[in-house]
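Before anything else, here is the set of structures, which you'll find just below.
Shared between the two complexes below is subunit A, which has subunit B as its partner in the first and subunit C in the second.
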Partner chain A sequence: MNKLAEWQLTLPLALAFAAIFLAPLLMLVGVSFFDDDKITQPGVAQWAKFLGDPFSYKVIADTLLLGVKTVCATILVGYPLALVYLDSPQRLQKVLIFIIVMPLLLSVVVRTFAWIVVLGREGVVNQVLLSLGIISEPLRLLQTELGLVISLTQIEMPLMLLPLISVMSRLDPNLRDASAALGASRWRTLFTVIVPLSMPGLVAGCLLVFASATTAFISQTVIGGVRLIYLPLLIWQQSLVVFNWPFAAVVSITLLVSVLTVVSALSYLGRRSGGYVHG
Partner chain B sequence: MFSRRSLLAGATVLGGASLLPAIAHAKGIVTAATYPGSWEDAYRTVVAPALKKAHDIDLELQPLYAVDQIAKVRAARGAPPFDAFVLDPGPRITGIEGGLFEKFDGKKISNAPNLPAGMIDEWGICVGAQVVGIGYNPKKLPKPKGWKDLLSDPWVSRLGITGFQTTFGTVSLIEIAKAFGGSETNVEPAFVELKKVLPKIAAVGNPAAMAGLLQQGQCDITYTNIQTVAILKSRGVDIEFVKPDTGAVAFFTTMHIAKGAADAENAYKYFDTVVSKTVGDALVKPPHNFIPVNKEVVLPPSLPMTNLDEMSTYIRHDWSKINPLRAGWIEKFNKEMAK
Partner chain C sequence: MQSTPTGRTLDVEDLTVRYGQALAVDGVTLAIEPGEVVALLGPSGCGKTTLLRVIAGFVRQAAGRVRVDGAPIDHLPANQRNIGIVFQNYALFPHMTVAENVAYGLRARGVRGPEVLARVSRFLDTVQLGGFRERLPRQLSGGQQQRVALARALAVEPSILLLDEPFAALDRNLRLDMQIEVKRLQRALGLTTILVTHDQDEAMSVADRIAVMNKGRVEQFDTPVAIYDQPQTLFVNGFIGTTNLLNGKVAALDGGTATVALDAGAMLRLPSPAGLSSGAPVMLSVRPEQLALSQVPGPESWRIERGLSLPLGAQLVHEARTADGASLKIVEPRRASPADAARIYCTLAADARPTLFPRPT
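Take a look at the complex of A and B:
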């Protein structure tokens, strides 16, 4: 097939992309430059209102920090799990991959409400701790950032593990043997051989978990409650309760830009680490 | 032998033929928005079969909160995703101001003579009343007397609250403000008092999560409407409804035809079925506990009012005054309650 024909093959997707993604995005930007909720007066009042309010910066920072905390927690739990997967016999690997993928088969709403049952005042965690005599009063886990990060870690875990396992499975097992034969300890082999080589998968996982955690409106509001305010909650309030679409557009663009900035930085790191591994 | 192609063709013809009676039989459909939860349950089990029986119309329900209905129809710009709205007073005014409703022709409602005066206007029809008060767990807490009790011990440390996103949240916060010297348009005292007890409050939640939080014992008292209490009770949750000493809040729920609706005539038949005596008789019973508007329906003692005339003894609010202030209140609630 010649080059021109290949280019033509991408046309339907490109047109669909332009119609479904680019056009609404441009409309979103356009709507943000109106002063009134009826979208009749062009202006920058909504931008001025959002950017002039210190509360907005707190919400942006909290949203990005939630993403960072969730990414760190998924790495802490997910990376050892990926190592266990790597060392397991093939039959066990099949079982592990089923367990890892299983949460994806459940609706996020169901998973989120299940966490209410787990983290609630009369939930599983508090019941166990109370019955063991570790605590005398139920801990407040729901409606706290700690509870939210714990639940997001489980909810987003497949997004970290799948790219990580896919990259780690392709690692040459001889490299680990060579490292051990040259006298490196298991920890040294981990940090100087396995971690650098698995970096592309790790970065891809971080990217997916970060983007998903910062925009997880249902989990954020149901588990975190409305005292933990993140950008998706503001967008929902402004678009669906107050009907101030220009202001909702401003917050949406802010969320898009701030998440994209972090994702681009991660993606850049991923490309560099890919070059480091293969180059 | 059958070839694969002939088998597929045969299956298609047979499958298609099985649909024919349904196509020939169905007189039409109406797509109606309904509130998620207790309303959706009741409309699916009571109204849909009644509409099919009375007019041979299939009812397709879209579970959406009032504000979501307004947002969807505004975004659809003349091609609404459903034919009929069900709204609380605040979003109803937003809908009228936004030109989202078709003009309503009350003559098409055969049950109109059985409705109290003023239940039908040029924009829609009242289909029921809602009562908002306090829901609490009698096994964990003593019975509260009124709104003021919510913010004092022992209730405050088990209190779950929501913000101004919903009608029941907004009216309850207004009543709390009034209990501390505020008014329908001045909720500042509620903010001041809430701020004082904020660290003690058990949950500040999303309205959609409140039923789950009550069920899981995360909070044991909250402001809510009587239907939510009824449905939680039917699921075995220990919860009782209390009319506050200063009075419970009541408001009418109305239905409207969306501008550009595909099946406006069927929507009228749907409204007529909703306000019929048969449907009303079924909806007043547990677990639904609705307060229907049809005068021929006898309200059981389990409901907080014995007839609709008592609506005048309940606290009512002027949403044309509340709506313009609501955006500011939501913003303030975010800032005051944020951790």
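Take a look at the complex of A and C:
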């Protein structure tokens, strides 16, 4: 097949992307440069309003921090789980992978409301802790960042585990034995051999979890409530409650740029560590 | 080399390993002398690699003991056994340079500073890779990677060296070079070494003694020459070298000598193994180079039907078929073989040392 024909094959997808992704994005940028909510007066007033308000920076920081906290929690829970998965016999692996993928099979709304049942004042967590006498008053978990991070950690877990497991299961099992035979303890083997070599999977997982957690509008609003304000909630308020579309566009672009910045930094790190996997 | 550690003895006693219901290693006992190279030779699935992994501490045995210099090591985890191992795929750490790979075991043992650098340099020079310190494993050829793996295993001065099919991934010419190299290093260090291989030529050329394994058991543990010339079991006989099997019956027993009537039609007087009785069915195993062709019939010759004759280097390989349908291979030096087709009688060569096995019926 010649070059031209190959290029033509990408045309349908390219056109679809241009129509449903690129065009709206350009419109979004365009809309952000209007001063009034009727979109008649071009200007930079909305940008000035957003960037001049200290509250905006707090929301940006909170949103990115939410992503960082969720990423940390998924690593802390997910990495040991990935190690357990790799050490399991094949039959158990099938069960584990089903449990791992489960959150992806459920509707976002169902998982989110399930977490309300679990985390609520009368929820499972509080009931258990109260009956065990560990706490005397119900913990406040709903509408707190802690509760939100806990639920996001469960919801985003497959996005961390799937790339991690796929990279780790390609590692040569002899490497662990070689390390042990050379006198290294399990911890030394973990931190000097397994973690560095699983870096590409870890970075891919962080990337997906971060992008997904910072933009998880439903979880953020339903579990976090309206008192915890993140960029997606701000966009929703401005576009569908206040109907100030230019301002909503400004916030949207801010969310896009800030998440993309973190994601590109991560994937740069990932590329630097990526070469060793097939080495 | 500065240090010349004297070799340790390695004793494997009645070792049994189970994988589920299956016996991977079935009551193996081996006493290995200091500084000796022992090859574990056998087909895949015979338990040789499992045995090696038990010695290294990667697999737990169901029963039996492993001793180094008389002291049991079974309770020690792999990282406290001080046993060096070179894997078939080398298992170099792909994210570390050559020098870091060699330094890995030293650092894990708490060696620090200039001592590490000195030892790394010394062992990289030993395997002639002094100029490759900063390369990554993927930038090296297969032979070079193996040298690094060897240097890495030797740098921690292990008490025992284990080699798991270390030459299998190398091409033919390089393999011979590396075999010589490994043998040279092993001699210089006086290291007791166990080599796992399925390649009999490799076992023959590298090892002082060979343990031929089959179905988790050691069939014979002896020097290469003894294993080739006096195979103790039919399995060893068939696994090592090429052999011809001829069916027959014991016609008479006289002390240590049995008169065997071959089904092919000849009477042979042979040294008899213990436990044969008169009239017992037997199998005669004889190497191709221990058979000769002749023009004249005789009581100790049998008639054959000649097939193809193939020149193989300095030798000529004749195919033949006996009257009872057994196929034979006969090897002669090429110069000594007149190409006449009239030589239709086969007999044992003058120095032949065939082996008799009782034949299961």
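The criterion applied here is as follows: the second predicted complex is superposed on the first by the 275 of 279 C-alpha atoms of A that agree within 3 Å, B and C clash if a C-alpha of one lies under 4 Å from a C-alpha of the other, contacts with A are read in each partner's own complex, and residues count from 1 in each chain.
Convention: a contact is a pair of C-beta atoms (placed from the backbone, for glycine too) under 8 Å apart; a residue touches a chain by one contact, two chains touch by 3 or more.
Predicted model, so just to flag it, every value in this text is computed and none were measured.
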| item | value |
| --- | --- |
| Combined model on subunit A where subunit B meets subunit C, clash or fit | fit |
| Subunit B versus subunit C as contact partner of A:E137, first or second or both or neither | neither |
| First, second, both or neither for A:L197, with subunit B first and subunit C second | second |
| Touched partner set for A:E6, first subunit B, second subunit C, both or neither | neither |
| Touched partner set for A:G183, first subunit B, second subunit C, both or neither | second |
| Of subunit C and subunit B, partner touching more subunit A residues | B |
| Which of subunit B and subunit C A:L228 touches, first, second, both or neither | first |
| Contacts of A:D172 with subunit B and subunit C, given as first, second, both or neither | second |
| Contacts of A:S239 with subunit B and subunit C, given as first, second, both or neither | first |
| Smallest distance from any CA atom of subunit C to any CA atom of subunit B, in Å, after fitting | 45 |
| Subunit A residues touching subunit C - in the complex, by the definition given at the top | 172, 174-175, 177-185, 188, 192-193, 196-197, 273, 276-277, 279 |
| Contact set on subunit A toward subunit B in their complex | 55, 58, 113, 116-117, 120-123, 142-143, 145, 221-222, 225-229, 234, 237, 239-244 |
| Touching residues on subunit C, where the partner in the complex is subunit A | 53, 56-58, 77-85, 87, 89, 91, 93-95, 104-105, 108-109, 136-138, 152-153, 156 |
| Touching residues on subunit B, where the partner in the complex is subunit A | 67-68, 70-71, 74, 94, 162-165, 202-206, 208-209, 212-213, 216-218, 326-327, 330, 334-335, 337-339 |
